[in-house]
Structure formats: structure tokens, C-alpha cells
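Same chain, two partners: subunit A is paired with subunit B first, then with subunit C.
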Partner chain A sequence: MTLVADTPPGQVIAPPTPPPAPTSAERWRLRGPLLPALVFTLALTQIPFLMTLFFSIRRWNLLSGGDQGFNWGHNYVDTATDPIFWKSILNTVLITGVSTVLCIAIGLLIAMALNHSFPGRGIARTLAITPFFAMPVAVTLFWRSAMFDPTFGLFGFLSRSVGLPAVSWLSDYPLLALVVLLTWRFTPFGLLIMLAGLQGAPQDQLEAAQVDGAGPFSRFRFITLPHLRPFIELAALLLAMNLIQTFGEIALLSAGGPAYATTNITYYIYLKAFNAFDFGFASALGVVALVLTIALVSPVLRLLSGIFQSEGRR
Partner chain B sequence: MKPNVLKRSGIAVGGWVGSLVLFFPIFYMVVKSFQTEIDAANPTPQFLFTPTLTNYAEALQAGIGPYAVNSLVVVVVSTLVVLALAVPAAYALSVRPVAKAQDVLFFFISTKMMPIAAGIIPIYIVASALGLLNTITILVLMHIGMNLPLGIWMIRSFMQEIPGEVLEAASVDGAAGWTKMRSIILPLIKPGLASTALLCAVFSWNEYFYAVNLTTSKSTLPLFLQKFLSFGELYTAHVAAVATLVSLPVIIAGWAAQKSLVRGLLFGAVK
Partner chain C sequence: MRFSLPRRRATRLTAGLAAASLAVVPLAACTTDGSGAGTAPGGTVTINVALAANPQMKTAESLISDFEAKNPGIKVKFTTLPENDLRPAVTKDVATNAGQFDVAMVGAYEVPIWAQKGWLVPLDDYVAKDTAWDAADLTTPIKDVVSGQDGKLYGAPFYGSSSFLFYRKDLAKKAGVTISQTPTWDEVQAAAAKMDDKADGVSGLCLRGLPGWGQNLAAITTVINTYGGRWFDESWNPQLTSPETEQAVQFYVDSLRKYGQPDAAKDGWEGCLQQMSQGKTAMWYDDTVFAGSVIDQATPEVKDNLGFAMAPTGPSGKASGWLWSWGLGITKSSKNADASWKFISWVTSKDYIKLAGEKAGWDSIPPGSRKSTYEIPEYKQAAASYADLTLKSINAATPKAPTVKPVPYTGVQYVQIPEFVDIGDYTSQQIAGAIAGTQSVSEALQKSQDYTTKAVKTAGLLK
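Now for the complex of A and B:
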């Protein structure tokens, strides 16, 4: 990372002394280009959050009517004592955790094959990354009727053709069905990142290890895996960031059901806000979701910031 | 020599099988889109059949047009605004960094970690008060907010890669500010700008959460698809045709740009 300070026009030889501290006007000139983006993002993210915080301590249910007013921590007490809230937290953790691990593991396996050259590798790779681009709403609806349906779906056909009864995925294993769909959709993401990591693997070390008689497993374990670590960490963070917010797949695959079996925190907020119209309660849920996300993500983020600060690590 | 051949073909088979398993549902979707509803509803998958274009024709007649136009407008406008805001911001965070550039960068990415649902009620209320509910404008605004951090991170990483000497030489020759941006930086990061724009466009095209919560009739393609649910049972062949139709542009764009995609997906974090 080389950041080059500008030399004033006409000054051919830069003096070896450190540049003088910028004046106030100079600092604003540097900041200028940043401000539109910063102001826009602040307005669009921080103001709604502060408003959510304010709504979360108010009584505000459009359906039950009555006055709006402060009820302070009441919504939070309701949240903490709501079993569905806890179920949605558990579901969020399960959906995010299991899918993230699967996307990285399967992605790594396929990437290791695609890292070797073989006939048609380019085509295979192109086909493999396709699910990531298809419109999520579209593929979710398609999976619902053409894959998961016990009578008409492909999985039902496959179970029947090996002599097993067809499973009704969406009513019997709804969470598993959701994880399967999400894993399918996001594995290409893991795959692309793992492939990028493998392509930068230290070939000289791998060859030297082979000469020294190290088997494929120990070469992977002691050379490739340490090299891949930052890629795995990054992929995990970015996948988790996406998966924790899963909404469309849930809304269209199972509508959070049956019996809240696939309701994650995002979908529960949506249900409370736009089906039950309990804006106060939904706002409290939003604040809790934010706090939990920060608690979950900030250790990873710190890690990530380490990766960025030592860009020469690779 | 022999185990080597065996190993090589094993890898090839593994790579192909893995890729084909991932691709199969997409292939199956395209196949079903050319079937009649009766063929599509056959419990045994049909691969030999007389293809029909009925589903596509009916999808076009069902009023996909306005939704497609809305999607296109939202994608193009939001992506252009993201670039217009992100290029100067990335410049201020890389070429001539402001104080605490690192912190500002992390502020931007941290907004992507915020649960989108945590802010939706105020956004809904403000949009309603401003008369922006069920308009394309509100979707454009939300998509800009959604993609701006990605844009800044990606474009910054491309600017970081411009050799310091090039920028120095430009300054020595008297190029400053806008001139330097237009004649040196922008041409050098053109491929980067293109892949940034592509990723933003893909995310905007596929976005569903804001569409479903902030719009009803004047909306984008994901909401058009959602209508298939309200008819109770799903018409597989029709869904497949519409799904293929709306996914195809993005899939082709993704295929075309796959080389530069990785760093975009990584927010430009790993080179």
C-alpha cells in the first residue's frame, strides 16, 4: 500500500522533510469529495436507526389503537419474554451458521478441483457460479414447486426412484429445505473466493514439500490451509453478513412457517411491523437484532481489520 | 505414471460433477419453462417433449412490461448515482486520504452489517410522509444506500493500485483535481468501474426486501414474480418461464464479468 502525497505543481524535487500539517482549509478540500457519500449514508442509516430507538420505547400498535405514548422498556420486556423471539434468534443462528459453513466447505471442495486444469474447466466454472446471479425470488419460487414439492418436485422423484417415500420438505423439514436452498445459492460465492485463494497458493513451497515427501493431506493442512485462512475468514464474514439478513427466501418458500419454524429475526420484524402493525414491538426487535448482530460480527470485523492493515501478509 | 492419470481424471470428474450439480436447478428451470403445465406437473421429470413458447407469451401478456421498465430505471439510476458518489469518496479515501480514512471506510462497511429490518419502520414512515411510498424514487434511494459502501470499497481498491509514480508525474505536469481525475485516474480504473457497476446492478436488479415493504403496484420484477404465489398453487412452467426471463440478463452479465468479480465480491479486500 503506497499512498503518495501530492507534490505541488512545479516542484520537481520533493524536499526530504515531512510535509507540513495541512491547514484547516486544506483539510476541508480533502474532505470535500467524501462528503456527499458520507452525508447520504449517514442520513439513510443513522437517522432511521435513531428513530427506531425512539419508537422502541413507545406504545404504538396500529391495530389495537389507543394512544401513542412512552412505555419505556415495556417493548423490550415483551421481546425478552416472547418465545417466538427466542425461536427466531435460534433460527437466525442456525440458518446463518450452517449455511455459511456449508458454502465454504463445498465451495472449497469444488474450487480445489477447479484449481487443476482439465478439459472444459472454464465452462465448468462458469456453470458453477450461475446460481449466485439468478434472481433469488425467481429461483426460490422455482425450488418451491419444482424441487421441494413431494409429488411434482425433483427430490420427491429421486426418493421414489430409489424406493423411498417422498418427503414433504416444506412441511417436515422446513429449516433444512431453507438451508439447502441458501447453500445452493451462496456456494458459488464461497467457490469464487476459495478459487481466488487457491490460485495465489505458494507453488514453490508446495513443490518443495512434495520433494520432501509430504503427502497431499499434510501439504493441504500445513501449506494451503494457512495460506487460505484470510480468504476463509473473509468469505465467512461476507457470507454471514448476507445470510443473517435472509428475507426473500423465507417469505416465498415457507412464509416463516410452519409454526415459525423458518422465521428468522429479519422475517419476525417484518411480521410484527407489517402484518401485526405493532411498530413499537417491531422497533424493539430491530434494536435487539442490531445489538446481537454487532455482538456477533464485531469479533470477525476486528479480525478483518487486521487483514486490511497488514495487506502485505500475503 | 498411471496413478497420476487416475488422479487427474478423478479431479476432472469431481470438478464437473460439482459444477453440474450447482448448475442443474438453473438448467431444469430453463427446461421447464418450455414445457406445457401438464408436462411440468408430471411427477417424473420430462426431458423429451415438444417445446412450447406459451409460457413466455403468457408472461409477457400478464403485464411484466411495466415491472421490467421499473427495474431497469431503478438499476440504471441507482447504479449511476452510486458511481457518481463513490468515485470522489474513494478518491478522498485512497489517492489523497483524509485523516482517519481507515475509520471512515469501516463506517461505510459497518452499515452493511446493520440488519436492514432494523431501519425499515422509520423509512416506511418517512417515505409515507413524503409521499414516496409506492414510487420508484424510494427504491432508487434505498438501492443507492445499499450499494454505496460496496462501490466505495471496490473503487478505492482499484485506485490503490494506480502506481504512485503515475499520480506523481501527473502532479508534476501540473494536473490537479478534476483534470487528474478525468485524464489519469478514471481511464486507469475503467475496468474496475465496469465491474463495480455490474455488481451494483446485479444486487439492485435482484433486491426484494425494500420492494415488498415500500412499494405495491409501482414496483420492480421481484414483486411481479411474487404475484405467482397469490394464486395459491404455483404454476411451475409459468414460474419457470418468468424466472428464466428475469434471471437471464443478470446471468449473462455475471458470466461475462466473472474474471473481475472476485474482488468485487470481496469488497476489493483481497487482491
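Now for the complex of A and C:
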């Protein structure tokens, strides 16, 4: 029983009655306006998915044979026994994982530098985030011919100018070259989120710690970093979602080669579907890749959502 | 893409750049837009034309007002796509009978396959009626390569090309070597060894290393042919691990690794075109159609010293310049076949070649398709260093008997079966690995042999 100050003495307020359960018609009145969006989403996501499932159990190569028909699990057996498929999965994990970690680490370092005020900070910030807004195709062609190329590129020029032979990046370290390019392109994204996190860092705690004699490293380790944790996790999730779909960079940098060294799952499905026109096999590849992605990502998502909940209580 | 990605035979870097910009949205090519076709109320017919975004085609697009002035009832709507995107877009359109395009640009590899599937309309009846088009003037090998197995013409050739050797006369002289007009691969390698000058940043030769059945594999397959190798024996047993094939691929990889451009596994024709025109390499083996492009883009020093020679031959003595053509075909689903032929007739005619030469410059005409092109005085003068050799190379190509030993397929630098795209891409990836040095040539070929065996078994070719 709760007494409220302005109620007349002796009068007891009844506990609030729950609102009457809405009638069916009312429920539909509330849901109705959402339906078009729902139908739109379902049509654009679920129908293609069901079609993919359907294609994946069929023999359907646009160019050869011509006879379509069910071959049931055959495409899936081919997928499971295809060494290039597993290589592309491994490449996808490596490309996504390493680039994500690097983007966040480098992004955090630059964000910490940019978080201090110094003359020209506005210009520095703009320059730091520019790579993210450059077109991926333009970026890739630029890196390919103006950076990595041993003859015409900057790296080749630099190593020659100190008397070393130029490195053949795309022959000798193709995967590393791709990661370098992706990291360059996506670091500004990590930087933006880290910068937002740093700007919301608890200044009072940081000052108190400084007064108590904590050094810069301790302040970072015990105050800034715990504060940044949800930001880092969010950046990791969003970056991984972007990086897992890498396509243009691979197509243009190395055409997935040499010997499939830079082929990720997206590019491999493209090769099978739109180069070899084997839609049945490509659909099966897509389905298996989806299952693997869900298996890998859902534990991460569960972990993240748990953290976000505990964040509210902190 | 096919890139690219995939076949890239366009003639300038710009096409590669454009290809690049669309390669990121391969699925965009999937939209089926049937609008725009058909007869408008005013009696005007609109035909939809799908073209590859190569410079010669761009020129055609810019000169279309000439066609529309001559044919008042017909409007032409172009869809110009980079090669790597053109192929999926048009294949999907004709295979599913969607009817988006009336006229499609189809490569030499696809024409007979598509003709057999009934995706293209035979052009013989139109050709017979249209005497001004003059079918007898077409260069014979090019005409053959865009005809079906039934002997009918399915693609009107827009341009045709073969492969030959580009070299720098000044560098050859400096190194004390002479390149004959009909060199052998051994001579080319020896010359490359002498002209290779790493200290000066000039490689001995430039060859395609980039994976793709239309990239490194086109060049490698011609070398395999000259060494007496072949893709398949008469009963479709893959021959990739045969001694001749292995020797040829080993030669190609060794030449590139010892005297080739640095980081060779990343260069397709685009990369070599840049190397050659910027004076970074002494020799280049590639498509005849790039002769104009090199001269166009070359530094003055390179421009004055360019020499050309026939495609090198190997130990077997077999000449193996490749053969390629972009043809224009009428799709089965077109409702405006007559108007479509009028457009094709215009753009592949002798008059068009003259028009392009006069309006856009003699570098930008579509070469190789017609004999009469090589009798135009202005063109003979503008292309003096390579025109005759181009024609000679085209006439020397033997797509119907590409190898020393008999084979069940046609095609010099490809195998004309639908499965070749897949097999070829796989093999080209593996060989690119050997060029990059991550695996040996015999490993690469063994993997390719296994993959190819499986593919031709699945296709029902190999029993």
C-alpha cells in the first residue's frame, strides 16, 4: 500500500489495474501500419532464401547440359569435399579476423591522439576518416598500381631508395596485402567509434585517479579501457559484418589468386554463380556458408547482448 | 571483373577501370528490365543493344547519330557493360529468354555454344539480302570463329584479333640481339635474358600472370600448343600432366620468374600494356588489338622504337597465334529482328570503319574483321608498323586444328565446351600459384588434371 502525500488522509489508492487486454480488432489496428514493412522485408529476404534452398538441391548449370532436375544432396557433397571451398572459408576467417583486430587497435591509437586538442585537429580528423569515404574500387586500383606495384608503386620506390629489392606484394604476400588494404580502408570506421567512446570517458574519475597518483598507463588500463569495452565490441561487430562481405577489393586486387590465396567465400560464390554459371552448386555454397556464419556469429552475438545488459546495471 | 575478372580482352586501361567499378555489384546485372523494347505509337522501333565497354565500342556509341539519321524509324538504346559483367548479363538474359536485349555482343568462345542452344538467330538470310554488307569481304578465320557448328553465321564480326609479339627495337639493339619476324620461344627467352635489366627497372619480357581463363591461360594455352601439348586427347582424357604440356608451362613460368615483370601474378593484359607503354619491359606477347593502344599511350621513346613479330613457335614447330572476335548477334527473344539487323549491318560495315576512322581517328577503328580495312590508304599509313602483321597473324591462326596431335575441340587459346570457363579458371589459378612461387608447376598441373578429369566426367564427355 502506498500513501501519496496529496491524497486525502485515510484514502487508500488501489493498485493500478492492468489495462484491459486489447481486443483482436484493436491488436490488428495497432499492427496494421507495420504490415507493409513486414511484408516487404519478408519478400526481399525470405523468398530469395527459399529460392536459394530450392536451387541448392537442383542440377542447374546455365551453360552445360541444359537438363535441370533434382540431384538432392549432390551439391552439398560437392561443397563439403571441395578443398577450395574450405580454403575460402579459412581465408574469410583470416581476412575478417585480422582486419577487424587491426582496425580497432590502430583506430584506438589514432583516436587517442585525436582526442587531445592541438592546432589543426579538425583537419587531422577529417584526413583520418577520409579513407572510409573513398570508393572501394578507386581505393583498390590505387593501392594496386600506386602502392603495391613493384615498378610503379610507392612501396617499391621506398625499398629501392634504401637499396633493398622491391617486394612483390601480390605474388609473395597476397593475403597480407589484402589485409593491409582493408585495414587502411576500415580503420577510420573503428576510429570514429573509438573517438565517440573516448569523448564520453568519465573525466571526473580520470582526474581523481590522477590526483591519487595513477600514471597514464594505469589510467588507460583501469578506467578508459573498461569504459571503452562496449564501444570496442560494437565496432568489432560492425567491422566484422562489413569485412566478411569483402568482394570488390579481391576482384580487383588479385582476382582471388594466386592459387585462390585471396579468395574468400563471397568471391568464390561469385565465381561459381556468375562465371561458371553453376547456380545449383553456388546456391549450396551459399547455404553452407550461411550455416557456418550463423554458427560462428551467434555465440558472439549472445556474448555481446549479455554485455550490453550488464552495461545497464553498471 | 572476370575483374574478372574472367575474360578481359578490352583494349585500354579505361575499360579495366570501368570493369572494376561494376564488378562490385555483380548482382546488379541480374535485374531483368524488359522495358524499352517494342514498337512505340509513332512507328518508332527501339532496339536494345548490349555492348562490351571497349574503346572501339565506345566509338560506335558516339557515332550512332549517323545510323539514326539513315534509319529514321529506329532508335538504339545501348547498355554498355564491362566485359566481365556483359557476359553474365547477356547469358542470363538469353538463357532465361527474358528478352531484355535485341542485339548482344558475343565473344568467339560463346558464339558456337550459344548457337547450338538456339539462343541466337542465324544471320545468313539477312546477309544474303543485304548485299552492300558484303560477306565476302570478311576475313575468313574471323568469319569462321563467329559461325556455329552448322556453318551459319551467328555473330557479325565487329573486330577480330590474333596474338603477336611486341618488342623494343632500341633495347634489342643495345643488348645485341635481333628478333626475327618469326621467332621461336627459345629465341624470345634468350633475348629476354639479354635485355633484362633489373638495375634499370626494365624486365626482359612481360607475360600475363593474372588468374582467369581469358587472362594468363589464353597466353599459356598457345604456348602449350607450340610445345606439342593439348588440353584433351580424342576421347576427352585431360592431358595437363603430359610431358609436352608440363614442359610448356614450366617454360612459361620460368621465363616469367627469371626475366619477367616483377610481381607477375597480378598482371593481366592491362598491367602488361602499362609496362610496355611506359618502357618498363622489352617484349610483350599479347593481342594484336593492343598495338594501337600501346602506340596511343606510349612515351615518345617507346613509340619510336616499337617492333612487332609473329607469335613465337615452340619445339613442335606449330604456330599458335590465337584468334578472337567480338561479334554482334540477334537474340532469339528479340521482337525486332529486322531493325536489329539494320543496326548490326551498319556498325559492322565498311562504311562504318571509314566513318570511325575519319571522325574518331584511325587508332580507334575496329580492326581485323574485314579485308578491305587493310586497303584503306589512311589506315595503312596510320597503322603501318602492325597492320599487315595483324592480318597475317589472323590468317595464320588455326582454331579448327589448334594442336599438333588431334583434339576433339576447337579453339586456339580456349576449349570450346561450356565447362571450360570453370576448368580454365581453376587451372589459371593454380598456374598463377606457380608463377607466384607458392607451388611447383607439376603440383599446379596435377591439381588441374584432377579437377578437369572430374569436370569432364560430370559433363558426360569422358566416359
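Throughout what follows, the second predicted complex is superposed on the first by the 283 of 314 C-alpha atoms of A that agree within 3 Å, B and C clash if a C-alpha of one lies under 4 Å from a C-alpha of the other, contacts with A are read in each partner's own complex, and residues count from 1 in each chain.
Everything that follows uses one rule, which is that a contact is a pair of C-beta atoms (placed from the backbone, for glycine too) under 8 Å apart; a residue touches a chain by one contact, two chains touch by 3 or more.
Everything quoted here is computed from the prediction, not taken from an experiment.
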Once the structures are superposed on A, label A:129 by its partner contacts, choosing first (subunit B), second (subunit C), both or neither. first
For A:302, is the partner it touches subunit B (first), subunit C (second), both, or none of the two (neither)? neither
Taking the superposition on A as described, I'd like to know which of subunit B and subunit C A:172 touches: first, second, both or neither. second
Have a look and say if subunit B or subunit C is in touch with more residues of subunit A. B
First (subunit B), second (subunit C), both or neither: which does A:37 touch? first
Given the touch rule stated above, what does A:256 touch, subunit B (first), subunit C (second), both, or neither? second
Give one of first, second, both or neither to describe whether A:137 is in contact with subunit B, with subunit C, with both, or with none. both
Under the stated touch criterion, which partner chain does A:189 make contact with: subunit B (first), subunit C (second), both, or neither? first
Once chain A of both complexes is superposed, is A:61 in touch with subunit B (first), subunit C (second), both, or neither? second
Both subunit B and subunit C touch subunit A at residues 135-137, 141, 144-145, 151-152, 156, 247-248, 251-252, 270, 274
Over in the complex, which subunit A residues touch subunit C? Could you list them? 61-66, 84, 135-137, 140-141, 144-145, 148-152, 156, 166, 168-172, 174, 247-248, 251-261, 270-272, 274-278
List the residues on subunit B that touch subunit A in their complex, please. 8, 11-12, 14-16, 18-20, 22-23, 25-26, 28-29, 32, 40-45, 85-86, 88-89, 91-99, 102, 104, 106-108, 110-126, 141-142, 144-145, 148-149, 152, 160, 164-165, 167-168, 171-172, 174, 176, 202, 205-206, 208-209, 212-213, 221-222, 225-226, 228-229, 234, 236, 239-240, 242-244, 246-247, 250-251, 253-255, 258, 261-263, 265-267, 269-271
Mind pulling up the subunit A residues that touch subunit B in the complex? 1-12, 27, 30-34, 36-38, 40-41, 44-45, 47-49, 51-52, 55, 106, 109-110, 113-114, 116, 118-121, 124-139, 141-147, 151-152, 154, 156-157, 160, 184, 187-189, 191-193, 195-197, 230-231, 234, 238, 241, 244-245, 247-248, 251-252, 265-266, 269-270, 273-274, 279, 282-283, 285-287, 289-290, 293-294, 297, 301, 304-305, 307-309, 311, 314
For a test of understanding, state which residues of subunit C touch subunit A in their complex under the given definition. 1-6, 17, 20-21, 23-24, 26, 29, 88, 91-92, 95, 113, 117, 201, 209-212, 215, 261-266, 268, 274-275, 278, 280, 417-419, 421-422, 425-426, 428-430, 432-439, 444, 459-460
